[in-house]
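Just below is one structure, and these are the notes that go with it.
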C-alpha cells in the first residue's frame, strides 16, 4: 500500500475500514438473498468488456447475474462466464421499455458500449428505475440528472471526468478531490474518480481516497473489472457506500498481490478475478 | 461441516456413509462399463447451464456424455466441454420421437431450458423411457406422474418446490422434510429439496439431510453443477440412492473446501469441477 | 504401474524402454525439423474430438499442426488450440484431391469424423500417400489394404476391432494378442488394440503390452487424446515404432499420475495434456 | 542459457543488459501513458496467430491493444483476449485509408495474415505511418523500403529471410550475422533473424545475439508470441532497441524456465504468456 501524503485532506479508506465493513455471506442465504444484478456491457468491437465486468460481478458476491449485450457477443463470451444468463439486444429492449427492470437489485451500464443515441436512450430509462445504478465508460456523457431515489454512481477516469464535468484535465489533476466533490454535490451522485490514487466523492461531501493499487492496473480492461466488482458488491453489501469503497480497495489490493511475485507490466485485467478469492479472504 | 440440530428427525448423510458407498472405478472397465448419460440443457439465453452441468457430469464418473441442446449453444460451449458429444435440437427431436433413447444409462433434463410446451412434450417422452431420470429447473412443473419402472428424481429449490407441489414457501421452510416426504410418497418419486440444508426424500419415506455446503453456493449456476454431478454419479454407482446422496454431499464438500482459503462471496459454480477431483479422493 | 501376469507372452513396453527410446529435442532444430502433421478430425456433433486430439499432438513434439475439419468446428475450437492452423472442409478437399498432401510428415484421421462415404473416400486418398498414417474411430471400417510404403497404424478399442476384423468381442477378450497380431500380419499394418491393457501388434509379429493406465481413462475423449499424442510422437521420433509405443505408455502414465491425488472418476481427457509436460520430463 | 562460442563476433545481449534496460512501470502512469498498439493479425485459417500474438502484447506492457482482424476471427478469439478491442476487416480498412492510424504508439502486422495483394496494400500504408512498425510472417515479402521516420523491424526466420533478401539458406546459416547486418544497413531497418540463436541487426551495424531459448520453441506459434511481446515492449520501453532486444531475450528465458521441470517436446506457444510474469520479475 502506498504511504504518500494525501492531497486535499481526503481520508484513506484503509485496510481496517474494509475489514470492519465487509459483509458476512449469510449462512442461510440462497441466491435470491443476494439479489440479481443487471450488467449492460459489451459491443461488436468490444466483446471482452462484457466478459471482464461479468467475471468481476460474479466473483464479488452477486446472487445472480444477467448480462445484457448483443447477440453476437453472447455467442462469443457465454462459455467464459457460464454462471451468467443473458438479455439479448439489451440496449434496444431497455430503451423501448420492453425489458422489465423490476427484479434487479442493482444495475451497471457502460463497459464496452458505444457512447451513442441508443445508449443514451437506455440510460434515460435506467435513471428512472429505483435501483442503485452505476454508469461507466460508454455510458458516461455530459447530461443532466433528475432527482432519483436510489444511489447513482459514476466511475470516470480523469479523461472521462473532464468530458462529463467540463473541468480541464489540469484542474482535475491539480484538485481531484475538490472537483469530484463539487460535481458529486451539484448533481447529487457519487463520483469514483479513477486513477493512480482513486478518489471517491459522495453527494453529501464525504470523500475518501483509495490506498491500494499500482501501475499493473494501467492497462485496458481494469476499469471494466472494477465496474463488475462494484456491481457484485452492491448486491452483497447492505450499505452501498461500503460496497463502492470496498470494491475500489480490493481491486487495487489484487494488483498489489500480483506484483509481489510478478512484473507489473504483465498483469491482465481478468487476472484480478483469479486473485480476488484469496485476497478477499485476507480481509475476513 | 455444519453441526446444527437436525429438524424433523432426518438422518444426516454423513462423511462415513459417503466413504462406505462411493464406488470403486472398476479396474477393467471401459467407457461403456460406466454408461452413456444424456443431458438435456441450455438455451439461447442460458447457454452456460449446459456447460456447467456438462462439466459436472464429466467430472463425476460418467462413461460418455451426450449434451442435447440448441445448435447455437453447441457452437458456443463445445470447446469448453470437449469430452462430450452433442445432440442438436434435442428437445424437438425427443418430443417428436426422432431421437432414440435406448442407449442411455441415465438422463437429466432442465438446467437452462425454458419451462414451455416444447420442454413439457419432451419430458412426456422422457418419463416413458425406462431410465433413471432427473428433472431440474426448467423441467420442473406442476404435472401428474404415471407409474414408471426406473427412479425419477426432482431437484427443486424451495421456490421451485412450492411451484410444483402447491405448498407455500412458509410451509416448506417450516417443515421441509415433511413436505418433501409427503410429495415423494404421493407421486412415487425422489425429492432433492435444495437449500442451505438440502433434504433428500425417497418415495418409501426414507429421508436424509446433507451436512455439507455453505453460502458460497448461494449463486447462480451451483444447482446446474449439482444436476450434472448427480447424472454422472448415477452412471458410476450401482445403487442410485447412493448416487443421489453422494452427489449432494460432495457438491457441498467442494464448497467447504473452497472457503478454507477463499472468501465465500467469490466462488463460481464451475470452480466446483476443479475442486472435486481432490475432494472426492479424500473420501476414497 | 500394473504388475499383473501378462497374457499370451507379450513383452511389456517398460519404463526403461521408454526412457531409452524417447528422442532428445535437437537443440538446433526449428519447427520444420520436427515436421508438419495433418490431423483430420471433428464433426458437427463431435467438435471436441478435434480439440482434444489437436492438444495431444501439440503437446507431443510436433513441429507444426494442421487440423482438417469443418468450418463450424474451426470457428468453435480454434481459440482453444491456437497453435494449430486449419484446413476447412478437409474431408472433401482430400477426397477430391484438391488439398495437396506432399508437405506432411505424418497424418491421422478419425476422431469425431462420421464413418460415412466421404470419410472412406478421403481415406482412400490418404492410404495412397507416402506418409505414416494413423486411422482411429470414425476412420476404422472393414476394408482391404493395398500395399503401402509407409507405416499404417490402426487404433481400435475392442468393439472397433471386432467391427473391422470380424473377430467376436469374446475372441478378442480371450486372446487380444493373438487376434491383433494375426490381423496385423495379414494386412501388413500395426494394430494398437486399446483397453485396460493395450496391446500393440506390429506387422512382423513383434508385440508389446502397455503397463500403464487405469480406469480414469474409461471415459469419452481419452482415445482422441491418444491419437493426437501418437501423431505428435511420429513427428519427433526417428523410429516410428518407438513413437507408437511411447505414446501409449505416456498416455497411461499421465492417468497414473492423476490418480495419485485425485479420484479416477473425475479425470477429463484434456487433463492429460496438462499432466504430460512433467510426466514426460520424468522419463528424460 | 547457452554458453556456446558466438559466431561472427556478435555481442550477446546478456541477462545483465536486460536487467539494466527494462523499464519501470511508472507508478503514476495510466493506460494512456503506455500507449495503444495496433496488431494486424490472424486470418480465416489461422485465427490462433491473432490470439497468441495478442496475448503476447498484453502481457508485455502495452497500455491498450487493438487487434485488427477478420470478423469471424474476432468472434472466435475475443473471449480469449478480452482485454483487447477489435478493428474488424482491418487489412481492407487500412489499405483503403478508412482506418486512421494516428493514435497508435506502435504497430505490428503479419502473424497469420496471408501474403497477398491486400496485405501488401495495407503494408504500403503502414510503412508511410510515423510509428515504429514490425513486420512478421505473412507481412514479409521482397519489396523496396522508402525512407521512414520511425523504426522498421522485420522478424524473419531463416526461410523467410531468404525469401525477402535473396540470400540462400546456406549463406544465411553460414553467416547469419553478416547477412542480417548487410540487409539491415542496405534497407535502413532492423532484422531480427530468428533461429536457435537469434541475431538482431540494427541499421547502423550494431548487432547482438540472444543467449536464451531452446528447442521447446521449435513449434508453431512461438514466432507469433514473439511478435506480440515485441509490440508490447515497444509501448513500455523508451528506447526501441532495448524493446526489441529484451523481447527476444525474455521470450527465450520463458522457454528456458519451462524446461526446468517439463519436457521441451510439450511446450505450447501460449504457455509463454503464463510464464512471463514471474520470469520478467526475476530481471527486475
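Read from first to last, the chains carry the letters A, B, C and D; within each, the first residue is number 1.
Convention: a contact is a pair of C-beta atoms (placed from the backbone, for glycine too) under 8 Å apart; a residue touches a chain by one contact, two chains touch by 3 or more.
Computed from a prediction, not measured in an experiment: that's the story for all the values here.
Chemist: Average the CA atoms of each chain to get its centre, and name the chain whose centre is farthest from that of subunit D.
Modeler: Greatest centre separation from subunit D goes to chain B.
Chemist: So what angle, to the nearest 5 degrees, turns subunit A so that its CA atoms land on those of subunit B?
Modeler: For the C-alpha superposition of subunit A onto subunit B, the angle is 90 degrees.
Chemist: Pick same or different for copies subunit B and subunit C, depending on whether their interface residues overlap by over half.
Modeler: The interface of subunit B with subunit C is built from mostly unshared positions.
Chemist: Provide the C-alpha centroid distance between subunit B and subunit C, rounded to the nearest whole angstrom.
Modeler: The answer is 35 Å.
Chemist: Between subunit B and subunit D, what's the gap in Å when you average each chain's C-alpha atoms?
Modeler: 49
Chemist: Can you pull out the residues of subunit D that are in contact with at least two other chains?
Modeler: 75, 79
Chemist: If each protein chain is taken as a node and each touching pair as an edge, is the resulting graph a line, ring, star, complete or other?
Modeler: Contact pattern: a closed ring, each chain touching exactly two others.
Chemist: Any idea which subunit A residues touch subunit D in the complex?
Modeler: Residue positions touching the partner: 44-49, 51-52, 72, 75-77, 79-80, 157-159, 195-196, 214-216, 218-222, 258, 261-270.
Chemist: For the complex, which residues does subunit B have touching subunit C?
Modeler: 23, 25-34, 58-65, 74-75, 78-79, 81-88, 232, 236, 276-278, 280-281, 284
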